[in-house]
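Worksheet: one structure, shown below.
A, B, C and D are the chain letters, set down in written order, and residue numbers restart from 1 in every chain.
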Amino acid sequence: MNNELDIHIGVNPARCYQCGKCSAGCPLADDMDFTSNVVMRMLQSEDESLDKELLQSQAIWLCASCEMCISRCPMEIDIPKIMDYLRQQSIAKGLQNKSANKNIISFHHSFLDMIRFTGRSYEIGMIADYKLRSRKLLQDLTLAPKMFLKGKLPLFPEMVKDRKNIKRIFKHIDT
Amino acid sequence: MENDFEPKIVAFVCNWCTYAGADLTGTSRIKYSPNVKIIRFPCTGRIDFMLLLKAFSNGADGVIVSGCHPNDCHYTSGNFHARRRWVVFRTLLDFMGIDINRITFTWVSAAEGAKWAEVVNTTASKIKELGPYEAYRKITNEIWES
Amino acid sequence: MTKLGFYPGCSLEGTAREYNESVMSLATLFDIQLEQVPDWNCCGATAAHNLNKILSLSLPARILAQAEKAGMKEIIVPCAACYSRLSVTQHELFENSELKKQVEEVMDMTLSSPIRILNVVQFIQEFILPHLSEKIVKPFDKEVACYYGCLLVRPHDILQFDRLEDPQTIDRIMEQLGAKPIDWPFKTECCGAGLSVSRTDLVAKLSGKIVKEATERGAKAIITACPMCHANLDMRRSAINSYLAKKYDVPVLYITQAIGMACGLNNKQTGIYRHLVKVNN
Amino acid sequence: MARIGVFICHCGENISATVDCAKVSELAAGLPGVVYSTDYKYMCSDPGQSKIKEAIREHNLTGVVVSACSPRMHEPTFRKACAEAGLNPYLCEMANIREHCSWVHEKGDATTQKAFDLTRTLVEKVKNNHPLESIKVPVNKTAIVIGGGVAGIQASLDIANGGHQVILVEKQPSIGGHMSQLSETFPTLDCSQCILTPRMVEVAQHPNITLYTCSEIESMDGFIGNFNVKIRKKAKSVNEKLCTGCGLCTTKCPTKNIPSEFEQGLANRTAIYVPFPQAVPNKPVIDRANCRYFLTGKCKVCQKLCPTGAIDFEQEDEIIDVKAGAIVLATGFEIKNTDFFPEYGYGKYKDVINGLQFERLASASGPTQGAIRRPSDGKTPEKVVFIACAGSRDPAKGIPYCSKICCMYTAKHAMLYKHKVHEGTPYVFYMDIRAAGKNYDEFTRRAIEEDGAKYIRGRVSNIYEKDGKLIVRGADTLLGGKPVEIDADMVVLATAAVSCDGSESLAQKLHVSYDPYKFFAEAHPKLKPVETNTAGIYLAGACQAPKDIPESVAAASGAAAKVICLFSNDELTREPIVAKVNRMPPPIFSTCMGCEMCISICPYQAIDKENITNRNGEVIKTIAKINPGLCQGCGTCVAFCKSKSIDLEGYSNKQVYEEVLALLNN
């Protein structure tokens, strides 16, 4: 995957000299199975089994794209871009991490599906969809009514008029 | 159509940067087109642009002038003078009807072996495309014969 | 009257309604007309760039194309996440013509030249600040923790907004309102962002750090400019409090609400009544 | 009639692998004027050179062309061989058929043809060569050393002890440089000042050394052996001849709160001050930017107190003209300050300090008399975090290189801290430990194994202050990037070593080249480490790249040796490649029109006007005249000359025209 990264997103993992400044500043490093500098090391190894382990990891889904790592990286390595690529590859190869698949990835799918059909995100519909996917039926049961009362959850979705155009965009990426 | 025209290109280079750079191309065994032949000068500041005319009228199809990068001149400022003269001379050549596309003016340092090969190759392929520079030779020969 | 392009983004229609309300009220107060990008769509947020690169560029690109079609030279984007996505997309497409061509084909629209994309702080600096002092009726006389979050300042190379570490612009604006911004280290720490729904436990932990630090350093309010940050710090407060096993009640205000309050706008105009953590005037 | 000999070298197989050398030789034999042509396996070898010598004698050659490698490699070799056989060396030319031909083209007829073309070109050139005699220039045996740190001190003493005059120019009020600020030195932990101050005193007392402090180079012209340098000696407002250095003035100066440069801002000084007690010269100067008299026009307390009347408020900068044969650059380095690091607080945390500040804290003569106390509240820190590679090896910050000295001094700092605060804990964040040097690795191991410095392999992401502690957030990359948070009392950044402010303008004044980071460039990275591209100017110490003390001293002695070599000759021999203005018989005298264009463009100020007078001393014509001692042979004047009255020896118009013709007409 090491070479792919250079070709597809123009990022060369060989530049990483393992200083660990990314992991040191990463807000989620504590919860990750592989911290960002370890991710870089795994890529550098050009070892297929490590590539697979990486694509199956939870870390790539926990990354919140806060961009702290690249903003402090002395070698200016675009780690968030690498993370995006790894997530996309993980899905393309069907190697999604099991526990992330239940929540984080399901949420992403719910979110995108909502846009696919309405052009905008619409919380109630999306959350309902997410609950079905994640089977977390009880989550946020107390929060939703409060939000509803505060007028934060409109009952009907706002929709883009030119939904054909939105569909076109999604169609292109589906194929 | 296969272009089998082999242009003659003369390179006027300074001793300290480009000549040494071309030496480095050799030491690095980087291959380039054999159409270009080098004449060594102490500095691009020494290069009298009349030499370019001399070269064209005697059969050159293209010319390269190359020296040190700005601020790197072994003689402090020779390359600046060369550049300044080149700016003036270029308009003059243009006025005289000389195809200035046939002249490459560039900088190659002693550390840029690969760049020298690139300069030579791009110039050679450009001149190949432009074809032999008969036009200028014809004029000068006519003047000579009349 | 100044007329400016405006991209609210999805959350300003839903969970962050009060942000929208306060932005619009401020605009009215300062005689600015905010005109929505016609038939705008969602920018794709975190989900799109996590799952598909072309999609993550095409969705924002459509918004930019719509704005361009409507003749807008600049758009105000209050949501920091949308601001970041739009800015990054515009940067990437105009840097890489091949990619631009690909995206244009996907959305069946074209982009001719970059437009100015302003975040809410830039909007305030440029259009509100010059006339602010004359409108202040009730100085915002409190210690505040200005919280910038990630996406207002990062990626810094592209956004070029404020300074990367310890940014200052919101602090300076709050000073103008009479507030005392505290010096604190978590101005740009991540709140957990898009993990809000899927990993509330982690959001409680990350946002909890921020709420705790701001409180301990004496802040009486946290000032934000991002709906995602606001949602995590405000809506997720009960999760935060149970994670920290302590009740933290420091309110979280959008910067536009803080300005609105100082300028004497009522609760309806600022929308502060919609917060889950109560705001005392 | 020309009698040219052509010698084609095979260079083992380096040339003959792609060029048919025998054929080139055969073709060359047919060229007009060529009376002898041969090829041989190694022309540069002894038998190869003998072949040339024999041919010169046997065939009465008037010119030699050696087609072999680059003339930049072996031109001197072959010219010397020719000279030994009685042929003027400048009648020998080389055609470069290796670097410019055999190595860069495939084997084949075209390559052989090119080798022949190049040979023919040089044959035509050499026909137009004429004998030249090398130029002799006198050597002024005084050296200027710029910079009075340990490198400048060493170079000055070495040259002076070799019996030559030295002018040492120092920007600051005292010599000593960074070394005088250091506490103890690695890897022996001997006290820096104890070993340096005797050297400083030696400089002051050496009969061959003239010391100018508060001084900088204003301008330079001339060339090796004959530099003319103007030194600006800034007004010190104290007459050095009258001042006895009693120091009374400094005790009563009312302005006492100026951060001391020597103490790195950790202590204050007065406006009239001696930078540190062991300063050389040990005489105060007035800092005009902060002096009350210069700011308000009133005060003069020091003048009233001075028993010898040495205070001189009217003193002006002095320009001193000196002549020298050689210059040694020893301007040293600077370090980045803590405000260079946004993520470490932009310099706003008082207890985040740089390495030099730590040196001052640890120094027995420092602001705390050697006790480690943090600057903010004077408390003894219980946990100190040392961060290596702060700014170094950091392309994002514009400093991709390794500063080289930090690994060692950080280990030393951890050790010194532990020696002084036994119950304290030193943490060191590092990326690699670069301890290549005699007893260096052993030293760092000692810091870890015996003194218990806790080394953590990782870079620190950021630092913030909380409840009087500095929270240092790093990661342990040897534990899989596990985040590490330390609540430190003090943080020491081993900040990057960078070139001095003003090194770029100094380099331009001296025509010395420099690298992208404004460190001066050596003439060759391996074989000429202390020479510059400008003959007669040498480098000592960290102005060339970050160096530790032993390396700086070694480079300084190296530079001094070069100077002494140069000074061992009374005159220098120079290549006679110089420009000449033509002279004609009367009534023209010269085709020069006296337009003076050449005078204005010559980079070496080598051209002057010359009056041609008649018998009565009346001026008939004014023409240009080139000083062969100053001319460096760039030839810019030749190209500029409108009347074609100037020519360059070795590259004359005739020579290059013939080259062009020969190259094109095959």
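Operating definition for what follows: a contact is a pair of C-beta atoms (placed from the backbone, for glycine too) under 8 Å apart; a residue touches a chain by one contact, two chains touch by 3 or more.
Computed from a predicted model, the values in this text were never measured in an experiment.
Peer 1: Give me the two chains with the most inter-chain contact pairs.
Peer 2: Highest contact count belongs to chains A-C.
Peer 1: Just how far, in Å, is the C-alpha centre of chain D from the one of chain A?
Peer 2: 53
Peer 1: At what distance in angstrom does the C-alpha mean of chain D lie from that of chain B?
Peer 2: Centre separation, chain B to chain D: 33 Å.
Peer 1: Just how far, in Å, is the C-alpha centre of chain C from the one of chain A?
Peer 2: 21
Peer 1: Taking each chain's centre as the mean position of its Cα atoms, how many Å separate chain B from chain C?
Peer 2: Taking the average C-alpha coordinate of chain B and of chain C, the gap between them is 58 Å.
Peer 1: For chain A, give me the residues that contact two or more of the other chains.
Peer 2: Where chain A meets two or more other chains at a single residue, that happens at 68.
Peer 1: Multi-chain contacts in chain D: which residues touch at least two other chains?
Peer 2: Counting only residues that touch two or more other chains, chain D contributes 343, 462.
Peer 1: Throw together a list of every chain pair that touches.
Peer 2: Chain-chain contacts present: A-C, A-D, B-D, C-D.
Peer 1: Considering only the defined contacts, which chain D positions touch chain C in the complex?
Peer 2: Touch residues, chain D against chain C: 342-343, 345-346, 462, 464-466, 471.
Peer 1: Which of the residues in chain B end up touching chain D in this complex?
Peer 2: Listed in rising order, the residues of chain B that touch chain D are 6, 8, 10, 15, 19-20, 22-27, 29-32, 34, 37-43, 45-49, 51, 54-55, 58-60, 72, 74-78, 81-82, 85, 117.
Peer 1: Report the residues of chain C in contact with chain A in the complex, numbered from low to high.
Peer 2: Against chain A, chain C makes touches at 10-11, 13-17, 39-42, 44-56, 58-59, 62, 105-109, 150-151, 153-156, 164, 188-190, 192-195, 197-200, 202, 206, 235, 238, 273-276.
Peer 1: How about chain D: which of its residues touch chain A in the complex?
Peer 2: 343, 389, 393-397, 431, 457-462, 473-477, 480-484
Peer 1: Which residues of chain D touch chain B in the complex?
Peer 2: Those in contact with chain B are residues 70-73, 96, 98-101, 103-106, 110-111, 114, 117-118, 121, 511, 513, 533, 577, 601, 603-604, 632-636, 638-640, 648, 650-651, 653, 656-657, 659-661, 663-665.
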